[in-house]
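Quick one: this structure, given as structure tokens, is what I'll be asking you about.
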Amino acid sequence: MELVAIFISAILINNFVLYYFLGICPFLGVSKKIDSAFSMGLAVTFVMTITAVVSWVINHWILIPHELDYLKIVSFILVIASLVQLVEMFIRKISPPLYQALGIYLPLITTNCAIMGLALLAALRDYGFVEAVIFGFGSGLGFTLAIIIMAGIREQLDLAEVPEPLKGAVIALIVAGILALAFNGFIGMIK
Amino acid sequence: MKLSVRMVVVLTSIGLLSGSFLATVGHLTKERIALNKQREIEEAIIQVIPGTVSTQKLYEERDLSVYGGKDEQGTVIGFAIHASGIGFQDRITLMLGTNTSLERTNRLAILDQKETPGLGAKITDAESFLQYWENRDCSGAISLRKPAARSAEELLPSEINTITGATISSEAVLGIVNSSLEHTRRLLKEGKLSSEAQDVN
Amino acid sequence: MTNNAFILQSSPHFKDKDSVPKIMYAVIASLVPAVAASLYFFRFRALVLLVSCVATCLVTEALFLWLRRKPLHSLFDGSAVITGLLLAMTLPPSLSVELAIIGAVMAIAIGKQVFGGLGYNIFNPALVGRAFLQTAFPVAMTTWIPPATLKIQTATFATPLGNLRFEDAIARGTLTPLKDLFTGNVGGCLGETSSFALILGGLYLLSRRVIDWRIPLGILLSLTAFTGAFWLANPEKYASPLFHILAGGLLIGAFFMATDMVTSPITPLGTWIYALGIGIVIGLIRLFGGFAEGVMYSILFMNAFVPLLNRYTRPRILGEGRKA
Amino acid sequence: MSTKTIGQEFIKGLWDENPVFRQLLGLCPTLAVTGAVINGLAMGLATTFVLIFSSLVVSSIKKLIPSQVRIASYIIIIATFVTVADRFLAAFFPPISKNLGPYVPLIVVNCIILGRQEAFSSKNTVWRSLIDALGMSAGFVLAMLVLSAIREILGAGTFLGYQVMGAWFEPWIIMILPPGAFITLGILLALALHIEHRTKSRK
Amino acid sequence: MMEVFVPVITMGILGLLFSLGLVFAFRKLRVYEDPKIEEVSEMLPQANCGACGYAGCRAFAEAVVKGETTPESCPVSDAEGVKQIAETLGVTAAEVVKKLARLHCRGTHEAAKDRGTYLGISTCDASHLVGGNKQCSYGCLHFGDCVRACPFDALYMSEEGLPVVIEDKCTACGKCVEACPRNLFELHPISQGIIVFCRSLDRGPVSRKVCKNACIACGICARACPEAIIIENNLAIITDYKKIDPEKIPEIEKCPTDSIGRLKKEDEG
Amino acid sequence: MSTKTFPHGIHPPEFKDLTADKGIESLSPPEKVMIPLLQHFGKPAKPLVQKGDEVLLGQKIGEGQTLFSASVHSSVSGKVISVDNYDHPGGTPVPTVSITNDGQDNPFSEKKETKDPFSFSPEEIRQKVREAGVVGMGGAAFPTAVKLSPPKDKPIEILIINGCECEPLLTSDYRLMLEAPEDILKGAELARIATGAKRIIVGIEDNKKKAHEIFREKIQSFDFDGEVALLKTKYPQGAEKNLIYALLRRQVPTGGLPFDVGVVVQNVGTAKAIWEAVSEGKPLYERVISVSGQGINEPKNILVRIGTPFKNAVEFCGGLKEDVDILVMGGPMMGIVQWSLDVPVVKGTSGILAWAAPRPGLEYPCIRCGRCVDNCPMTLVPTQLARYVKFDDMSAAEKWGVQDCVECGCCQYVCPSKIPLVHWMRVGKNRIIALKQKKSA
């Protein structure tokens, strides 16, 4: 039950983008077209799930036993950065079509605060291994949901007479605000 | 120097330098940070078990720690249950003081919450919520009075009043309290809450 | 006869008489029974809120049209009036006028004009205004007064849904009778109390073919199925589907909010998914969520999916996919 | 190379190249911790600290680092200073540290910082980099201040905790919640674009 | 001692691993790119107008470096820019003659009569689809598709209703030539003096009826300069611009409808 | 009797009573005819005469250049006065042969066909139809000979005779069906032979009950496998793809032709022209048109020579009323507006209509009511297509099927925002073609 709660809450209630403001840069940058938003979402979900695993291992096998709490930030960021590179190379090797779809988004993910935020939040909340993985996967799906909705809306707004100074990031932020309002309806559903 | 060798050397040495620098900083701040944490907990324990002079950690796991509040003689005069769980919007962390037999509540303190300001956030408010938690019968599960009773006198000994308009937050706190009480009771029965456990540090 | 007199245009040269203002004024007309009911049940409070919301919406719309250097005639297309009316109808009668005005400004400003005005908004403007108010002033927006017809004086008064969700109404046997829900003799937002008046207006809109019949039907179907399943499983804990349909903002949502043409899908399949989705999300929020009422949130939530629905439910073109 | 005077180098961060309003960088903390001025200010200062020191370090050792491991080295350097800031706040300002939560460690992935190292410090002298870092930080702090002031005043009726609005004022709670953050930043950006557009067309 | 040792070692190992990974990646995945592409790309105007026939300035730069095309194929670059690119690549640049877009119509609101009340979409191509809003079937439709198509803001609609080329801004990218549904634009060298300002193939009486400034194929210009101007399909056509004798220009400009001649001051930006 | 139909579509006011009961009258040939060399879609025909030539009635004056263009014949006897660009009802000037009428109507060919027309081979029928320059008379003016030549790999089962005339106001086909049912059926039989079809279905809308009855009766006397089907009165019932779907539930593939589903559709007027071409060798130099609308003083159905200026036809019908402000060639839903009465009647002219248009309503932004989607007979999403075209996203417009639009006008008819949807579609198609040409160039 606890796992389901973590999962649902990561997608709908404490959505990474709309509640924690994590991953705003790609959320605004890669949400212009649905297709690329979808690929970005998949890439983030994939990397988030792996990050959840790896950061848990680092945290619980190296940092906590040796009381190296203060190395958390630097080790997480290094691990994420190398992980993303590794994943990129790996995908390029095993599946060129997948690389075409996802690969170009992977470098963008390195400095995506959603990934780092995930590792930090999972550590902060002291999640167990399975919980951390579910949290990572759910958060990735939450990000994907938000960015796809946003891309759909922005594709439609491309065909709207949005006033000139509001075009682009501004209208996207306002839409994000209204989306955050709409997602508010789900709070309190998990307790 | 060959480029790849230089790459390895540069990065490794930056890593080494940063490691030693951080070790120093970590070492310097470690105690202070631990002290801050301890002080925060202690203040909360003193708040929920009046008369506490010193405290002792009796049990610890994720989402639930039990502390003993001691008087000047060093006898445990009450338990302080430090628990957290999911609230309306995000996690709620609270501290509940009880007597040593876990049959009466002492006081409740909310340490961390992100409930709706003006509504759910009233769980931190003494008048509308916390006052009802004093001296409740907690030998069984505590229950919620809804719709809210007009005065504390109307409530049963094991009842607390809902915050009008914030039933879910009230329920969330109640849920965290009841489950952690039950858990603590089990620990007590199993003899895991011995006051001979190590001092809080 | 001079040559220059003729009109030059592309075919077709016949056009139906219906127009945007006509549609908008039909919606306004359909709201008359509900407005009347709100005036009857909440008297002066209703009047004040209705007038201030409509006036603010018009003023805000005019201001934005002026700022954007657009012709002012679109002020009279009736859409701003509808936004104002619908917003007022979804406000608690005890709400102060200042807050209602803030809501109305937000409804037009961030709900409609920032997207380019009529026809381009993604979310229902009235609901954006209301959601803004709900989040900004949660206390004021969940404080209810009894209708004037009940003649009781009390500081707080629960809506039928609040009573059900937060006060164990079924167990305590205080569930609001269906008859009261139907006539509107209960607490709640201005325009949502009288199911009778809303159904009347809804049927008018359906008969004029102003709204898509699939939307109210889909919402009612999925909500009935969802709440019905739980009700059948445990009638001691869950209320009947009929109660859920008549209580709260379901009818005003299903007939007047979800059917907003601009923010609902244009494809038939998309419309079905949209409507069924709204019903399910309402059920989820009402039964398990942190709010007693979920109509506003569920419509806004499904509004967000409309562009995706439109895109992925494009009807098959006649002959598409057949081999040439 | 840059031909700007030192003054211009500093000023550009405030408006022309303001990281938040003009370059849309570092939006995550800008949105997340601006519910109260004190948090916004603390965040701004923490970022300033990291930006200045990493710029100093990067610009002074730029010649030693092969370009292939450039980014990796920057990340380590930045992460080191972020850790320092994080530990410092936790040790001496525990309430603020608690309020900012994971957002202080997240400075490490703030695009402003990596961006400045990549775009400026790695190509310029120590002195210029310092000025640039100061200007950028000032721009960032300014943005944080403006946003958090609006949100705190409207959302709670206070500024830095002091009541500034009269008793008649009903706080707009939405402003300190996520939707308010998005909408306020959106409106501020629109204003910034509008002002920029007007000054440009006047030229 | 351990307290310092462990973190230092940990960080050292992390740095080492990371750098090894990067070395590996650098070795395996390096993609060679000619640095000249970057250089040339920076010299280009970055208008990405596509007039050169490539997907954008970057693509053009790649093509130039590979030798697929020549520097002067960028119609937007001025002579200086082309020379610079050519020097970078070590090739000689051909002489670039600055060209400008010219409108071959003088059917102002006043001169060219309307066909009727046009109620369609306000673009030239839409109007052209229903035969146009002007009685003349060949002339300017006044909706400014060319103005909207110009990536350099080098066109504006004059009050008389015709697009005007701002000579300083025009780069002869040819977007307006493509945009005009009636093909009224042509690119001419800046020095070009004489131009026919009409494209109407209507017979003289008809042309005269629908537009005051239309060529009525009277033949005055052709008689004045028969070696360069002919009348064909009811229209004066300059067959060879180079053969026009400057001395004959006054004679040519005796055109009764002003539909051939030098640019008038008011037509220049 | 059940009526067949297709999904969606609209039912605009018909106004057919203006001319439905008026028999076809002949308009005497004018003093001067202007015969455009382009009366079909494709390239103009090559002129065979030049200024000063004497021509006879029915003499070929323009030779179709390609398979898809039709030959043009003189509709009077007289003298060619010019071969030059002249205004065409299509909107832009095309090469036109102007002939002064000597009033003699001396026919070009004297020799009458003696052979029984039904004994011709398919190739002979096609040859005669091509020679006579017959094109589809419904409005699109597609060369009929091409329509009668199905590719070998696509066997034709059914020939549909289109008697729907679903456009409001027009009654020329209806009158033809009443006055020359036998010629139509004979032409249909010839077309059936030429295409190798097994069955003939005549489709008639149920607002033309009288025509339906006559055809049911007359078809008995023919020995082919035929059927007269009653269709619901709905626009665009007469559109080829919708008609095929309504009668046979077959869907013509997107980008395909009726051939692909084993069907050929011919308009009633075309059927009659086929009969005349094959039995008498008579070229298509005259046709029946409706001159109608509230703006015409005496609405009539008239038989006119190709090349007759609109002015003559309108004056024959009492002239225009004072308040007329729209003049249309064809039906009110798909017809082309005219700015002058000097243009000539062409083979594709089914009517000349004029009325006083109501003041155009203001155009509002699309409120996404979805009526265009609910009424599009091709099940397109017109509003989305129009937005794609407006914001110049041609690849999306293509993906959403802008090229499948048949420009029937249903969407624009119902649009409460008064958006010129069809105009946008046409602009879109045009831009896509231009882009493709640019790409291939």
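Note that the chains take the letters A, B, C, D, E and F in the order they are written out, and that residue 1 is the start of every chain.
Everything that follows uses one rule, which is that a residue touches a chain if its C-beta (ideal position, glycine included) is under 8 Å from a C-beta of that chain, and two chains touch if they have at least 3 such contacts.
Only a predicted model underlies this, so the values are computations on that prediction, with no experimental measurement involved.
A.B. asks: What chains touch chain D and also chain E?
C.D. replies: Chains that touch both chain D and chain E, as defined above, are A, B, C.
A.B. asks: Computing the C-alpha centre of each chain, which chain sits at the greatest distance from chain F?
C.D. replies: The chain lying farthest from chain F is B.
A.B. asks: As a test of understanding: of all chains, whose mean C-alpha position lies farthest from that of chain C?
C.D. replies: If we average the C-alpha coordinates per chain, E ends up farthest from chain C.
A.B. asks: My parser should flag the chain pair with the most contacts; which pair should that be?
C.D. replies: After counting contacts between each pair of chains, the winner is C-F.
A.B. asks: Distance between chain E and chain F based on Cα centroids, please, to the nearest Å.
C.D. replies: Here chain E and chain F have centroids separated by 41 Å.
A.B. asks: Using Cα averages as centroids, what's the distance between chain B and chain D in whole Å?
C.D. replies: About 34 Å separates the centre of chain B from that of chain D.
A.B. asks: Centroid from C-alpha atoms only, then distance chain B to chain C, rounded to Å. What do you get?
C.D. replies: Taking the average C-alpha coordinate of chain B and of chain C, the gap between them is 43 Å.
A.B. asks: Between chain B and chain F, tell me the centre distance in angstrom, where each centre is the average of that chain's C-alpha atoms.
C.D. replies: Taking the average C-alpha coordinate of chain B and of chain F, the gap between them is 85 Å.
A.B. asks: Going by the touch rule set out above, which residues of chain D reach two or more other chains?
C.D. replies: Residue numbers touching two or more other chains: 68-69, 72, 76, 79-80, 83, 87, 173-174, 177, 179-180, 183.
A.B. asks: Among all residues of chain E, which ones touch two or more of the remaining chains?
C.D. replies: Answer for chain E, listing residues that touch two or more other chains: 7, 10-11, 14-15, 18-19, 22-23, 26, 115-117, 119-120, 126, 129-131.
A.B. asks: Touching two or more other chains, which residues of chain F qualify?
C.D. replies: Expected reply: 325, 336-337, 339-340, 365, 420, 423, 426.
A.B. asks: What are all the chain pairs that meet the touch criterion?
C.D. replies: Pairwise, the chains that meet the contact rule are A-B, A-C, A-D, A-E, A-F, B-C, B-D, B-E, C-D, C-E, C-F, D-E, E-F.
A.B. asks: Can you check the complex and tell me which residues of chain B touch chain A?
C.D. replies: 18-19, 22-23, 25-26, 29-30, 62, 85-91, 168, 171-172, 175
A.B. asks: Note which residues of chain A are touching chain C in the complex, please.
C.D. replies: Touch list, chain A to chain C: 34, 148-149, 152-153, 155-157, 160-163, 166, 171, 174-175, 177-179, 181-189.
A.B. asks: Tell me, which parts of chain C touch chain B in their complex?
C.D. replies: Contacts found on chain C: 138-139, 142-143, 156, 158, 165-168, 290.
A.B. asks: Sort out for me which residues of chain A touch chain B in the complex.
C.D. replies: Residues 5, 9, 13-14, 68-71, 74, 125-126, 187-188, 190-191 of chain A touch chain B in their complex.
A.B. asks: Taking the complex as given, what residues does chain E use to touch chain C?
C.D. replies: 113-120, 126, 129-131, 133
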